[in-house]
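Below: one structure, written as structure tokens.
So that you can tell them apart, the chains are marked A, B and C in the order they are listed, and the count of residues begins at 1 in each.
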């Protein structure tokens, strides 16, 4: 019986395109003790872990989802013919600010980044990674932004509390310098033009 | 090693939307002996059968596919019934006109969209996203439509004043001068990825 | 000019904005972010701007704004020390730039942490149930719940707006939305009670704008024929009736 239950839950996780919460699962199973669902999920997670097969159970965005193991990403990318599709550095920075500072308005984001963020915000809205929460009651009534459930799904986060605490910056020699490689390129030498150009070209492939 | 291979194949089957042939799998793995792939598939099939879990390996016309077990289809049906669906383009357009032009009558909506909207309006009424406010005192006494509280809830709006104007969204990428191109470029190259993502995310449209 | 284009690409690629450039300079000169040698950094910053100008490279006005800020801090640093000591509240002028820099770096570090996670669609993938699996499990549409974002709605409306005929222009003023909200409110009351006394709708309202909006909403309701307004002869009470 218990195994049956576990396997029904497994089949539900299997056909669902978004993470399933315990509540959602119980809306189907209608158990008096929804705690059993959590136990089954725990067992499934352990089973997948022990087996080290092609997938694992991820606790994400307030629910559970079966996902392929990151170890196999290269093979999967080849199969799906998906190019190296990543959010740009500008998009990631803007997204980080929205995530950590939400609810937040555009001018606050631009104040931190020191550059215009309209295009990036639009792209993040289009991709449903952020959303409009409402308007701020100040002159101009600007739109307020926050992250979506999709954001949690994409970045494998249980909930917003699951966001890692940003480190305090001690000095620039350490962690803060990451992602800064491009800025290392000597500013004035001529070859670097080529490098930068090449990099730019790669990005668009 | 053999287990690894089996699990890579499992991850490929797991993420693939269509059945995979031995040849397709080998186009990723590039083995000199593709027969090993068939053996791995055989082992996976036996393993799933012995386990009697939520899924099994199905050999269909085009190749192999992991499928949820038919025994659990009633549960799956219930889950899908409860899952969220999307509004069609026509429904979104009609809803947008009602939202921004209310109180509005059907002939005005049809004048703007240039097509019959009766079916869409009925659907929106059934779902309680719009409502009939009354009848207009002109020949034919047509129904007047407006949005409901559920509409506000659906879009997380406090009131109609919170609806962003299309200009506002447009201005996110429009008003910023030159420094903007940068932000736009990654957005464009990212979009192709979003297409893939959107396909993934697409539900029962 | 192909050459110009190449430079153009390069600068944008390296420094997205003035903050980016500052971080680079501070790192390059290995200075303590909590004790920035403002004269040195300002000089290098201005050199860089000058170089960009000399190379005919377009750069955003933000770069110049930052240059002005740096120059301002530098001049304040040149003030005699005792002057600033007299004022207990006087803080290090450099904080004007250190604080936002630290915040910027914190967010950059956070972005790096996000990028390092197992990202769906890059590092890990979820299953896409094949169509055949779900085909025979069709659902009854009336009981479906909906998934839709505000962005989709506005996007749809944008398409509509492009084909909108002249006499159907939409009024996006805030007042217009206020009237729509008010109409919804009045219809709610009328749906519940059937009629309402005119003055009740204004009761307790003191803000002039709201009084006007309420009045305009009533006019619009009457105009489209949703309500009938009637005054009782004896009492003079005006009532709105839902039709």
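One rule holds for everything that comes next: a contact is a pair of C-beta atoms (placed from the backbone, for glycine too) under 8 Å apart; a residue touches a chain by one contact, two chains touch by 3 or more.
None of the values given here were measured: they were computed from a predicted structure.
Distances from each chain's CA mean to the overall CA mean are smallest for chain A. Ranked by separation of Cα centres from chain C, the top chain is B. Computed from the mean C-alpha positions, the centre of chain A lies at a distance of 21 Å from the centre of chain C. Annotation: 26 Å between the Cα-based centres of chain B and chain C. In chain B, the residues that reach two or more other chains under the touch definition are 14-16, 66, 68, 76, 80, 82-83, 156-157, 161, 164, 169, 179, 182, 193, 196-197, 200, 203. For chain C, the set of residues that touch two or more other chains comprises 16-17, 60, 62, 121, 125-129, 133-134, 149-151, 174.
On chain C, the positions that touch chain B within their shared complex are 12, 16-17, 58-62, 121, 125-130, 133-134, 137, 139-161, 163-165, 168, 170, 172, 174, 177-178, 180-181, 183-184, 187, 220-221, 224-227, 242-243.
Note for the complex: chain B touches chain A at residues 3, 6-16, 20, 24, 28-29, 52-55, 66, 68-69, 72, 75-76, 78-80, 82-83, 156-158, 161-162, 164, 168-169, 171-176, 179-180, 182-187, 189-194, 196-197, 200-201, 203.
Of all the residues in chain A, the ones that touch chain C in their complex are 14-17, 58, 65-70, 73, 76, 80, 82, 85-87, 89-90, 92-93, 95-97, 99-100, 111-116, 125-126, 128, 131-132, 141, 148, 153-157, 163-164, 166-169, 171-173, 175-180, 182-183, 185, 187-188, 192-194, 196-197, 199-200.
Residues 3, 6-18, 20, 24, 27-29, 52-55, 66, 68-69, 72, 75-76, 78-80, 82-83, 85-88, 90-91, 106, 115-123, 125-127, 131-135, 143, 150, 203-204 of chain A are the ones touching chain B in the complex. Contact residues of chain C toward chain A in the complex are 6-7, 9-10, 13-20, 23-24, 26-27, 30, 32-33, 48, 51, 60, 62, 66, 100, 102-115, 117-129, 133-134, 149-151, 174.
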